[in-house]
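Could you have a look at this structure, given as C-alpha cells, before my questions?
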Amino acid sequence: MPKCADAPPELAALDLECFRGDRLLFSGLNFRLRPGQLMQIEGANGSGKTSLLRILSGLSRPSEGEVHWRGRDILSQRSVYFSEMAYLGHSLGIKPELSAVENLRVALALAGVSFESADLYRALGAAGLDGSEDIPARSLSAGQKQRIAFARLLACSAILWVLDEPFTALDVTGIARLRGSLENHLDQGGMAVLTSHQAVHVRGDVVKLALTGMI
Amino acid sequence: MWLFFHKLASPKYFYDIAGKLIPWLGGSCLIAMLAGLYLGLVVAPPDYQQGESYRIMFVHVPSAWMSLFIYVLMAVLSGINLIWNIKLADVMAGSSAAIGASFTFLALATGSLWGKPMWGAWWVWDARLTSELILLFLYLGYIALVSAIEDKRTAARAGGVLILVGVVNIPIIHYSVEWWNTLHQGPTVTKFDKPSIHPSMLIPLLIMALAFQLYYFTVVLMRARAEVLDRERRSAWVQELFGGSG
Amino acid sequence: MDAFYALLKRDLLLAFRHRGELANPLLFFMMVVTLYPLGVSPEVELLRRIAPGVIWIAALLAALFSLENLFRSDFEDGALEQMLLSAYPLSLLVLAKVLAHWLVSGLPMLLLAPLLGLLLSMPEKAIYALELTLGLGTPLLSLIGAIGVALTVGLRRGGILLTLLVLPLYIPVLIFATNAVTAASAGMPVSGQIYFLAALLVLALTLAPVAIAAALRISMS
C-alpha cells in the first residue's frame, strides 16, 4: 500500500460549499482537524450533516472548495487517502446473505488490511458480537449489524474515522464500548469526525461544528 | 491567451461575450443560408443522373456532417469538463445535444425524402442512413440519461462518460454497418451516390455547410446563455441584471 | 490482488446463495427464442436462416436483463460505497464484479445455446461458430452493459433507460457475431469476424473497467 509520509496527518476543509438540488446547505466552510481531535457535527435533520460527511470521505464532490489530507487535495490522492480513512455511513455495507465473519473478511480485504481468520473473530469479539459470527447477517438485529461495521473500524489501520450517526441503534453497553474505542483511537493519535443526534460525551479534544441550515 | 480561456470559463464573462457574438453569427448564418440555397436550388444545373431531386443533398449532406461534428464536439467538451471541472464546458455540451439530435433527424428525414423519388421506398437500409439512425439513438440516450439525473452537474458528468464511450464506438459502429451493408447489397448499387462534384454543386454545398455551422453556434450560444442564467441565478450579477428580486 | 479475489469470491458466494434466481435470465433467453417459430413461422428453412440473429438478439436482451442487478444490491446495502472507498483501484474491483457476473450469467448461456440451435434446426458447423461467438461476445456484452448499469445505478426505472443506452453499443457485436455464424453455415471462413470480435474484447477489457469506475463514482456522488 502506498504511503505518503511527507506531511503530518491533518484534515482540512477549504471553502466547502454544497447544494442539494436547489437548496444551499452550507457555504464557505473551513476547518482543520489534527491528530487527537474529534469533530462533532451538529445540526437539525436536513441541514447537510450527511452531505458534509460524504464530501469529507471523498464519496461526493462539493459544488465549491476542496478537502485536503496531509496538505493535498484528496481527489488527487485517492488511494492514499482511502487507506488512511475509514467511513461508516448510514447504510453499513453489510450483505445480509453473508455472515458477520464473511462480511468482515471482504471489508478488510477491500481496505487492504492483512489478517488471519483468528483476527476476524477477535475483532468481532472486541466489538461486542460474540456467538453470532457465523449466522447470516439478515438474522441479526440492527445493533448487531452496527457492531460488524464497528469491528471493521477496530481492525483496520485508518487514522481518520468518519462516522455518520454511529451511536444510533446501539444499546447502553454498545455506546460505552464505542465511546471507549473513540477515546482510545484519539489517544493513539487518531482523528475522528462524527455526527450524532444524542449528546455523547467523549473525553478528549472535541471540536464542535454546527450546521445552521442556510436558506 | 491562457488568461482569455480562464476568463471565458467565468459565467458572467461568457454571458456578455456570447451576447455580443450572437447577432453577428445569426446575421452571417442568414446570409450564408440564403446564398447557399439560391446557388444550390436555382443556379446549379440539374444532375444528369438524378435530375432535380438531387438538390435535397444540399440539406441532407451538411446535416449529416453537423450531426457528427456536434457529437464529437460534445465529446471534447465533456472531456474538458471531466478533467478540469469547468462548468461552462458542461453547459455547452448539454445545450448542444438537442441541436445535434435535430440535425441527425433532419439528415434522416431528408435522406428518406431523397430516396422516395429514386427508389420508390421511404426507407432503405443503406449504410449511411443506418449509421445516422444509430447516431440518433446515441443522442437520444444521452438526452434521456441527462434528464433522468436530478443534479445538473452530476448529470453532465454522467452524460460526459456516455458521450466519450459513444465517440470511441462511432468508428466501430460505422465500420460494422458499412461491412454489414456490403454483405447485403441488393441488385441496386449504392443508393445515395453523390453526383460527381462539379464546382457549381460543390460551392453551394460548402456554403450550406458553413451556414449550418453558423446556425449551430448561434443557437448553442443562445441556449447556453439561458442555461448559465438559470444555474447562476443566485449570484450577484444575475440578480443585478434582473433588478434584484429574482 | 487480494481485494480482487476477495470480491470475486464474495460475488460468487452471493450468487450461490441466491441460486434459485440464477435460472431466470436463461429461461428468458430460451423463451425469446421460442417466440420466433411461434410468431414468424416454424418452417425449417426459414428458422435455419434467421437462427443466428434470433439467438444473438435473445442473448443481447438476456444479458441486459441479468446485468440490471449487477450493482443494485450493493447500492442498496451500502457495499458499493465501501467499494468506492477501497484503497485498491476501482477499475480492478469492477472487473472482479463483471467477471463474477459473467461466470454466473454469461457462461451458462454458452451451455444453453446448442440446445437453442437445435430448436432452430441449425447445422452443426453453425453451432460451433455460435459457441465461439458467444464465448467472445458474452464477456463483451457484460463489459459494455456494465457501463450502462453504472451510469443508471441510482435511478428509478433505470431498466428501460439502460436498454436505450446500451443497445446501440451492442450493434457491432451483433453484426459480426451473426455474420460469423451465417458464414459458418455456408461453409465459408469466419476468421475475419472472429478476429474482430477478439479485438473488440481486448479493447473492452482495457477501457470498459475505467469507464465503469468513472461512471460509478459519478452516479454515487
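Note that the chains are named A, B and C in the order they appear, and that numbering of residues resets to 1 at the start of each chain.
Just so it is clear, a residue touches a chain if its C-beta (ideal position, glycine included) is under 8 Å from a C-beta of that chain, and two chains touch if they have at least 3 such contacts.
The structure presented is a predicted model; accordingly, all values stated were derived computationally and were not measured.
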Contact graph of the chains (line, ring, star, complete, other): complete
The chain pair with the larger count of contacting C-beta pairs, comparing A-B against A-C, is A-C
Computed over C-alpha atoms, the centroid farthest from that of chain C is that of chain A
Per the C-alpha centroid definition, the whole-Å distance linking chain B and chain C comes out as 32
Whole-angstrom distance, CA centroid of chain A to CA centroid of chain B, is 47
Cα centroid separation, chain A vs chain C, in Å, comes to 37
By the touch definition above, chain C meets two or more other chains at residues 221
Residue ranges of chain A touching at least 2 other chains are 61
Given the complex, residues on chain C that touch chain B span 147, 151-152, 155, 158, 161, 164-165, 167-169, 171-172, 175-176, 179, 200, 207, 211, 214-215, 218-219, 221
Within the complex, chain C is touched by chain A residues 1, 57-61, 79-80, 82-83, 85, 87, 89-98, 102, 105-107, 109-112, 114
Contacts from chain C onto chain A in the complex sit at residues 2-3, 6-7, 10, 13-14, 17-18, 73, 76-79, 81-89, 93, 220-221
So, in the complex, the side of chain B touching chain C is made of residues 82, 134, 137-138, 140-141, 144-145, 148-149, 154, 157-158, 161-162, 164-166, 168-169, 172-173, 175-177, 179-180, 183
Within the complex, chain B is touched by chain A residues 19, 21, 24, 61, 63
